[in-house]
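Labels run A, B and C following the written order; every chain starts at residue 1.
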Amino acid sequence: MTAFAWRLTEAGRTPEPGPPPLAGTGSTARRMLVVAVIVALTLVGAGGFAAAGSTAAVFAERPDGCDRPDRSITLYAVELPRDGNQIRLGYGRTPETASYPGPTMEMTEGECLAITLHNQVPAATLEQLRTEPTHPLGVSLHVHGVKYTQLSDGTAQSYSYVPPGQSRTYTWYAQKRDRTTGSPGTAGYWWYHDHVVGGPHGTQGLGAGLFGGLVVRRPGDQRPDRTYTTVFGDRQSINLRRGADTDTCDHDNPQPGPTCVVAKKGERVEFIVVGIGNDMHTFHLHGHSWADTRTGLVTGTNAQADQVPIIDNKTLGPGDSFGVQVVAGDSVGPGHWMLHCHMQFHSDAGMSTLMHVLDEDGKMPPGGGHDHTAAKGAAAPPGAGTAARADDAGTHQHK
Amino acid sequence: MTAFAWRLTEAGRTPEPGPPPLAGTGSTARRMLVVAVIVALTLVGAGGFAAAGSTAAVFAERPDGCDRPDRSITLYAVELPRDGNQIRLGYGRTPETASYPGPTMEMTEGECLAITLHNQVPAATLEQLRTEPTHPLGVSLHVHGVKYTQLSDGTAQSYSYVPPGQSRTYTWYAQKRDRTTGSPGTAGYWWYHDHVVGGPHGTQGLGAGLFGGLVVRRPGDQRPDRTYTTVFGDRQSINLRRGADTDTCDHDNPQPGPTCVVAKKGERVEFIVVGIGNDMHTFHLHGHSWADTRTGLVTGTNAQADQVPIIDNKTLGPGDSFGVQVVAGDSVGPGHWMLHCHMQFHSDAGMSTLMHVLDEDGKMPPGGGHDHTAAKGAAAPPGAGTAARADDAGTHQHK
Amino acid sequence: MTAFAWRLTEAGRTPEPGPPPLAGTGSTARRMLVVAVIVALTLVGAGGFAAAGSTAAVFAERPDGCDRPDRSITLYAVELPRDGNQIRLGYGRTPETASYPGPTMEMTEGECLAITLHNQVPAATLEQLRTEPTHPLGVSLHVHGVKYTQLSDGTAQSYSYVPPGQSRTYTWYAQKRDRTTGSPGTAGYWWYHDHVVGGPHGTQGLGAGLFGGLVVRRPGDQRPDRTYTTVFGDRQSINLRRGADTDTCDHDNPQPGPTCVVAKKGERVEFIVVGIGNDMHTFHLHGHSWADTRTGLVTGTNAQADQVPIIDNKTLGPGDSFGVQVVAGDSVGPGHWMLHCHMQFHSDAGMSTLMHVLDEDGKMPPGGGHDHTAAKGAAAPPGAGTAARADDAGTHQHK
């Protein structure tokens, strides 16, 4: 079924001018009740609208404030190798680098970005993902937080999607805060995703991998040393991966990536955390905490900072996104710090990974280094008392 | 089952004075363990209570700070036409205007409001909704956020409900913030609902439609041009409606109402967002965002504003309520902006509507105007590239 | 299954020095895609790591900032009498006082606490709770919010747990806020729990009762008169109890405890609210509200306070914790104020209790005093109109 069913002011037709005929449009008693309520509710606002005139402007290509894009980039939507039987799609700056999540985007308040999306996903694949035969085939780019007109909404109902083999340019504007207009600004931790594949809400596109993180910074914001995008989705997965697949760090040479979260002690690590799908999740990180603010940091005076909750676990629903900034290993030192959803059946099902914090020299102390086999049971129990764990290292088997 | 099972200080009886007999009241080992824990926990606070004396005051009719109501209004609870087999109830300022949600209430901090509720719902209907035979028949008014005594709690356990055919006056006091007493104030986005129909938590009353929004303003607060109350409930519905029923705007003459969200570009639109039922939801609005503050706006100095998250998607559980204020079409222009729950199976099941933003003249540009049929498939694919969408308007079929 | 499957820098082995071999490590086309994405994502941060050197430090016993513990306490994990067939475990300052939730801990920012945990839970019990045969047997102490090294993480993967019959000392450090290092401070409402019983996330330990509240205060924080720890868990329970078991107040002599929430009018009551398990819940308190801040109070200037949402219902997911401070009965007076989850099927299933607010003399007005029998049905309907409820008291049957 389509979720949008609406009837709009038709372009070429002139409705009757004058005050709105609030009564007389209902055909049943129930209809009249509803109409009457509209009157009551209307009193709260500024009243009804005058009927529309006969001429109307067209939708603008760019949002107000963006005279022309400051920057233009290209994005590709491609099909990736399947994960078992599951179709996987991804966005990439090139077709070859497409993945899920897609590339993390970064903007600064005041900036206007043009993104030309090329849809290279085969029509046959989109057809397979379609949940109803009349829904259009295409891929889109819908973004949270920044400004865009209807032409860049990325929805089927606004026709702002890209059929297979075609392209379309989306314009995003990171509007600044402005007290006079009431704009709260757009600095924040956001995300972008398809809104068309499979149905009117892009549910199949999202589930296949068409999503990525976006951070909009305010001039003066503290910049992180590393940024990871962590997307919690259905079937208890982080970035569509779970269990061992969420932590593929090469232990000889850990390199940051969507399945290898690693940092040196003292580095400022930023997580863009996003919820997708149908379920609630929580982002919990061992040994580290952050402020529940726009940036994850506390700023301002002591009195301002004193009101701010500090947390180490944050619940998010689908569509929510937020940012976390931590100083890796601050006070707690290096180690393998668990990062997991605190819904127990999610974490037990594999929605769990590790942030590997190396020491300042980029090395991992040996005490906690052991392999999956050792972790799974092992003959070696931990020493009693407060004996430093390094003493136990030798008792665990290392591969 | 009833969820409240409690044993209170009996009115006419004098317990033993002196220090509490903490031990010796348990009859099993387990009981003693629990009692022992009580001792441990008590240490955190200020210790146990002395036994109650022999005289006790009665419950006050009005909360402290409200010497007499500043305003008195009347409210009716009535049965509405069924929705299929489903019983529907509504609150209304008159029986004829009752609906779901009920009328949006507005108060200012410092104000005291008396509401006389007349229960016109037939006893037979309440009996049908009752989930256990001994639960009392009645309708009540329970409110969030503002102050009221036990006599206005609107619960069965406090006997503050209204049997069929009777009435009762509830007193709400919008207490001001007061640093000396520690009162945080009551300005905020709240809601009211039945707490009695069907069972001790009013689950059946809520599900049938007995709920409405309440906004308490602080003197000096920015006032909106339009206010909509958006209630997310079970079975993936907005205000108990879903799919096409969530957007019944007359496209010749859109008038604001619970199923027609419409505004002119530049108007300040306020949403009172409420969660009911058993499920989590998110409020997501395309093209618009707001501050996660008391009012949805950022105020104060830059340093204060800098800490505040700006969001365009907010998760809410049952009982939660918050306010969103946006300037319609700011930067993004007019158009049909989706408003939906971002839980994909909720939006796919019809928990989705549109905010129709007209231009400053009250007109909708033609580019996006099309009907349900066109939206569902249509021969006309969107143009590639960045061609202004207005060019496509002619290719879509308009009714 | 275990959720952690990781491969770390092996202690005794020296990887190749020099720049990381980012290409060439994949064995399939898909692998290469992933690797390529890593490159793209890395651009956001500060790039890859140099290979680790040959020597590495060991994990520290105490977090930076804690030279030695300021205070040392002892904690026991014991098995409690079963609840039907259900195994119950608890933490206690002595074995005899163990319960669920465990003792509420309190720290002040800057303080370092050493807790020696003795595991007195029989190995046979832990074996019964184990969900896979190779998982180690033990109990642990994992804490939220404060600082600890890997040796006090309380996880199986870091070997920081306690086998049956043994003990281990955990060190918690309530780090202060520090603008120069970026530490946001640790003042807040937290909790501690087992992370090992049954599986790698302690799901069975949590479900059996191994959890408790922790509050970290900032010097100058307003202190409450009473503190209650309220844990919402699966099967719709508060502190693993539901229905009548959540309110066991002796009505002759109500004494504060985990199943008797009571306060005198004007007392400052603090709730440490924690979510565990697999489900979402909301904390809703009738007649009282609080600020959505670090402490539940508003502080600072009017401009700062004006931004803060005041709420009376807050959603929490598993792992979340927050603090609520209210002045009991402020404006609303004494009474039996419902405290429940607003998920209707949770409250209907018994996730509901009462906060009994006595008057300033420690007495409960008679108007609302009645027993379970009366509440469940009763012949006496409430009086119509605004008649003071005290008039009705005589019509209800009191035990």
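Methods note: a contact is a pair of C-beta atoms (placed from the backbone, for glycine too) under 8 Å apart; a residue touches a chain by one contact, two chains touch by 3 or more.
Remember, it's a predicted structure, so these values are computed and weren't measured experimentally.
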item	value
Rotation in the CA alignment of chain A with chain B, degrees, nearest 5	120
Proportion of interface numbers common to chain B and chain C (over half same, under half different)	different
Rounded Å distance, chain B centre to chain C centre (Cα mean)	27
Contacts with 2+ other chains: residues of chain B	280, 291, 298, 304, 308, 315
Residues of chain B that touch chain C when the two form their complex	1-13, 15-16, 20-22, 25, 29-30, 33-42, 44-46, 48-53, 55-61, 63-65, 131, 133-136, 138, 142, 144-145, 147-151, 153, 155-163, 166-169, 171, 173, 175, 177, 181-188, 190, 199-201, 203, 206-207, 218, 276-278, 280, 291-294, 298-301, 304, 308, 315-322
Chain A contact footprint on chain B (complex, rising order)	80-81, 92-93, 96-99, 103-104, 106, 222, 224-229, 243-244, 247, 249-260, 262, 264, 267-268, 280-282, 284, 286-287, 289-291, 297-298, 303-315, 325, 327, 330-338, 340, 342-352, 354, 356, 358-359, 361-372, 375-378, 380-382, 384-386, 388-390, 392-393, 396, 398-399
